[in-house]
Amino acid sequence: MDAGLDMRTTGTKSDDSILSILRLIVQGIVSIAKSHWVTLVNFWRPTVCERYPHKDKSLDYKPGPGYKGDFALITDKEKGRLRCIACQSCERACPNHCIRVVPAGKGKDRYPAEFYIDVGLCMNCEICVEVCPVDALTMTPDYECSVHDPRDLIRNIKQLTERGMEFDEVSRVR
Amino acid sequence: METRSDLRTEELLINMGPQHPSTHGVLRLVLTIDGERVVQAVPHIGYLHSSMEKIAEAKTYRQYMPFADRYDYLNAMGNELAYVRAVEKLCGIEVTPRCEYIRVIMAEMNRIASHLVYFGTLGLDTGSWSPFLYCFREREAIIQLFEDTSGQRLLYHYFRIGGLRNDLPSHFCDKLAEFLDYFPARINEYNDLLTNNIIFQRRMQGIGYLSPELCRRYSVTGPNIRGAGIPYDIRRVVGYSVYPELEFDIPTRPEGDAYARHLVRVEEMRQSVRILKQCLEKLPEGEINVKVPRRLKPVVGEVYERVESPRGELACYLISDGSEKPWRLHWRAPSFYNLQVLPELLKGAYVADTVAILGSIDIVLPDVDR
Amino acid sequence: MDSSLIFTIGNALRTWLEGLCRAHGVPTLVVDILAWGTGAVLVVVLGLLVALFVIWLERKVAGYIQTRLGPTRVGPVGIFQTAMDALKILQKEDIIPRGADYWLHLAGPVLYFTALVLGFAVIPWDVKATLAATVDLNVGLIYVIGVTSVGVLGVVMSGWGSNNKWSLLGAMRAAAQIISYDVPLLLALICVVMVAGTLSLTRIVELQGSAGILGWYVFKPYLWLPFIIFVICGTAEVNRTPFDIPEAESELVAGFHTEYSGMKFALFFLTEFDHMWFVGLLGATLFLGGWYSPLGAADPIPGFVWLMIKSFIFVLVLQWFRWTLPRLRVDQLMGLAWKFLIPAGFVALAIVCVAVLFI
Amino acid sequence: MQDQHTSDEESKQGGSGGEPLPAAIAAALGSRITEGAVVDGVVHITVPATEVIEALRILAFEMDEPYSHLSDLCGVDRPDCIEVVYHLFRPLSNDACVVRVKLPRTNPHVPTATVLWETANWAEREAAEMYGITFEGHPDPRRLLLPDDISGYPLRKDWEYPQDHPYLRREPLHEEFPEIVGRVRAEAAPAEDERDGNSK
C-alpha cells in the first residue's frame, strides 16, 4: 500500500518516553500543517457552485439528450396528429400506475382523448417510453418542472403535446 | 474504598436520533451513558421501511427494476447489478461481453462515488467540514457521467434484463479517463487533509474494535471485515461478471479499528480506479443487448445472487413460481447486518466516538430498513 | 503619535461638557457617567457590528475554502446577508421547552453575552483613548481573564436550564474545557506580564510599539512558545473547532444552545463570534503591538485601523483552523491541556524567567 | 430447486432437480435431513424444526470445511407452509448450503439461531413480524421494522393491506388522481368498451 497508509506510527497505546512524545508532537505539527496546506490550495481553486436561477456561469444548462426529465407526446408532423394510438401499453407497464390514457376512436383512428401523467408519482424509470410500440411518448431534457400546487404535477394531453412539438423522435443518448 | 463503592452516580438515558445530525438518516440509538462513556446502546430501526420485498410481489420482473435502485441510494448501480444478475440467472440469459464490461464500469464508478460520500460524512462526523464538500466535488464528475449515460443523477434504472438502456455516450470514455487521471492525486490530497491528520488519527485509532470472531458472529462483510484482516470480497470469492479477468488487490488491514476500516475504503477507491482503467482498455465493441422475450417468465426455481456492494455482501434472493411476477424477493442488505454489530462496538466508547464508529461502519439507512 | 479624529472630537466634546458643568455648578461626575455610558454603548454596538461582519467573513472564508461561494445574494458579495439574518432571527418565536428552568434559561445567554462585553472595557483601542470606553486598569489582564471566565457560567446555566440532555452534556463539557484551558492561557499571559513588567494592557502595548515592528512580543524568540499556547488556548476559549466539543453539532446536536431560538439564540451566536474577535484583539494587544503600526510611530493611519487589521488576522487564522481540522474528543481535549499545554506553559515560564534575568 | 409446490415436491426429490448430497454432509447430518439435493453446486437440505439448531451447529462448526458464514436468514411463504431459509457459505468461498425448515401456517415455531450467530437476531425479528414465526428462545423478540400497531403478517400472501392505518393511508392527491381520470373516462364511455375488447 502507499506511503500514506503506512503512516500509522502513532499507536493507540501510550508510549511515555520523552523521545516518542517529541516525535508525536513533531508529527502532529507536520500533519496539521499539511492539512492547512490542502485547505489553502483549495481556497484558490475555482469554485464549483453556481447561483442556480441566476445563470451567470453556465448559461441555460441543458442536460444531455436522453435525460429523464418531464414527459412529452410526439406529434407526427406529416399527418398533423399525435403518434399515440392509445394502446395503453404504458399505462399497464407503469410500475407506479401514474399514467392514465383515455382512448377515443376505433381501429386505425384510435387516439388519446386524454393522457394523464402524474409526474409527482412518477419515478422516472422510463419503462413507459420503452414499451411504446409507436415511439409516441418521450422523456425530455426538461428538468425545471416545479410547480406551486402538487395538483399541477398531473400533466394533461395539452401540456404533453405542447412540449412534444420540439421533438421529432424519442430523445436518446448519443 | 467502601464509600467509593457506595457512591452511586446515575446513568443517563439519552436518545440519539431519529432526528440527529449524524445518524446518517433516521437511525435511533438509545444510549445509556455514564458521564461521557456509553454503557449500552440499543439501535432502533424501521423509520425508513419501504416494503421493498412486498412491492416485488406485485410487480413484474421488469417493473421491479427501478425499485432496486431505491433502497441503497448511494449504490444504485450495484443494486441493479445484483437484481439483474439474479433475474438473468433465473431466466438463463447470457449477456454480451460489452454489456458485462459496462456494468462493471458502472458498478465500480458507483463504488467510488459511495466511498466518497462515506469519506465526506466521516469527516462531518469527526467535525471536519471541508472533506465533505471536496468529496462531493469529485463525486460530481462521476454523477455527471451517470447523468449523461442513464439520464438520471441518483436513481439510474440503467441496467435492463438482458442488457442496458443504451450504449455509452460518445464522450464517456474520454471523460472517465480524464477523471481517472486526476482522481488518485486528489485522494492523496484528501488523505493529507483528513486521513493523515493527527487529530483524526488519534480519534479513529483504537475505537470500534471489530475482531474476526465478532465479524463471524455478526456476519459483518465488506470493508468492515477487510478492516479486521479478512480478505473477504465477493468480487474475488465468487468472481462474478468480468472480475476474474481484471487485476485488483483486496486491501486489508489487521487492526480492526475504525481507522483500519477507513484506510481500507480509501485504498478501495484506488483499486476501483485500477479496475476502471483496465475496463476502459479491455472494453470490447459489439452489441449491448440480447434478445429477451417481451413477457418474461422464468422457470420455477430460486437464486441467491451475491455481489460486492460498497458496504459489503449484497445478495438478492429471488424465488420464481413460473409467473411474470416474483414469488418472493429478499434483499440481503449489507448495512442491515453491519449495523447489528454496532452495540458491541459502542460498549465503553465515548459519546463522541459513537458517531465516529457509526460513520466508520458506513451504513445507509434505507438499505437497513429496505 | 497619531491620534484619530474621533478621539480628538471626543476629547473636545468632553472638555466642552466639563466646562458647561462647571459653569452651571453641576458635579463633573455627570460628565464622567455620560462619557462612560456613551463609550459603553459605542463598544457594544461596535462589538455587534463586528460580530455580524465576522459571521459574514466566516461564511465567505468557509465558502471559498470549500470551493463554494458563500453568501452572494444580499448586497454586494452578500455583505448584508448576516444583517438580514439577524433581522430574521429577531422575529423568530422564543421557544422555551417544557420543564425548562425559565430564569436560568433566560439568564444563560445574557450572562454569556455580558461577560464578554465587560471584557472589551479594557482593550486599548488607540493611544489616548480617553473616551472612557477604555479603562486603563492597572490590573487589566487579570480583569480580562476574570470577567471572560464568568461566561462559562452562562453556558452551564443554559445547559442545565434547557431541560435537555444534550444541552446538559454540552454544558458539562464546556465547564470542564474552559476551566482546563484557562490554566495554560494564564501561564502564557504571565510570560507576557513578566516581560512587560505590568498588568496594564495599555502599558504592555506602549512597551512593544515604540521600537517599531521588531519590538512586538511575537518577534521575541523567548515569547514564541507562549504565543503558540495563547493561540491554541484562545481557540479553545471560544469553543471553536478543533475545540468545539461543547456544541459539537455532529455529536451533541448543538450542545448547550440546542433549545434556544430567536433572540436568545442570536445572543449566543453573536457572542461566539464576538468572542473570536475579542481573542483577536487580546492577541493583537499582547503580541502584535496593539494600535502601533509596523513602521513605528510615524504613520498617518489611525491606530484603531491597525488594531482592527491585526485582530482580523487572528480571526482569519481561527477560521482557517475551523475549516481544516477535525474535532478533538473530550479526553483528548483534556489530555492536550493537562499533558501538553500546561507543561509547555511552565517550560515557557522558565524560559522567560531566564530571558528576563539575562537579556 | 425444490419444494415449490406440494405437487412438485415428490418429483423433485427423485433427483430431477439435482445430484445427490455430498457424502460429508450426508454423513454429518445423517437422518436429520428430510430432503436434500445439490442444484447448480448449491447444497439444499431440509431439516425438521426441532433439529435445525443441531444441524446448523454441525454444518457451521463440526465439519472439516465448515459452512460458518451465515449470509442470510429469511422467511418464505410457500403455498403449503411457511419456510425459514438459512443461507450458509464457507468462509472465503462460494460453496453454499441452503438449509430450510418447513413450518405449519398456523402457529409456526422454530428454535432461534442466535445461539450460533448473533446475525440471526435482527433477521429473525424481521421474519417473525413479517411471517408470524415464533423463534423460541430469542433474546429480544420485539418488532423490528413495522409500527407496533399493525395487524397481520405483511409478507404472507394472504395479508390484506390495512387501508385505514394512519401510516399506510394513501396521500389525498393520489386518491384524487383516479377520480379525475374516472370522470373523464365516464365521458368517453364508448372508447372504454373498445379498450376492454382489445385487451382481451
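Order as written gives the chain letters A, B, C and D; numbering starts at 1 within each chain.
Methods note: a residue touches a chain if its C-beta (ideal position, glycine included) is under 8 Å from a C-beta of that chain, and two chains touch if they have at least 3 such contacts.
Everything quoted here is computed from the prediction, not taken from an experiment.
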| item | value |
| --- | --- |
| Remotest chain, chain C as reference, centres from CA atoms | D |
| Pair exhibiting more inter-chain C-beta contacts, A-B or B-C | A-B |
| Chain A and chain B: spacing of chain centres that average the CA atoms, whole Å | 21 |
| Between chain C and chain D, centroid-to-centroid distance (C-alpha), Å | 64 |
| Centroid distance [mean C-alpha coordinates] between chain C and chain B, Å | 45 |
| Centre-to-centre distance between chain D and chain B (centres being mean Cα positions), rounded to whole Å | 24 |
| Junction residues of chain B, two or more chains touched | 130, 134, 137, 193-194, 197, 199, 202 |
| Residue numbers of chain C (touch at least two other chains) | 65-68, 323-325 |
| Residues of chain A defined as touching chain C within the complex | 25, 32, 35-36, 38-40, 42-43, 45-49, 51 |
| In the complex with chain A, residue positions of chain C that touch it | 61, 63-69, 72-73, 320-321, 323-325, 340 |
| Residue ranges of chain B in contact with chain D within the complex | 45-46, 49, 51, 53-54, 57, 216-219, 230-232, 237-239, 300-302, 304, 306, 313, 315, 317, 319, 321, 328, 330, 332, 336-337, 340-341, 369-370 |
| Residues of chain A touching chain B in the complex | 1-2, 4-5, 7-8, 10-12, 24, 27-28, 31-32, 34-35, 37-39, 41-42, 48, 63-64, 66-68, 93-95, 123-127, 139, 172-174 |
| Touching residues (chain side chain B, partner chain C) in the complex | 12, 14, 20-22, 36, 123-130, 133-134, 137, 193-194, 197, 199-200, 202-203, 350-355 |
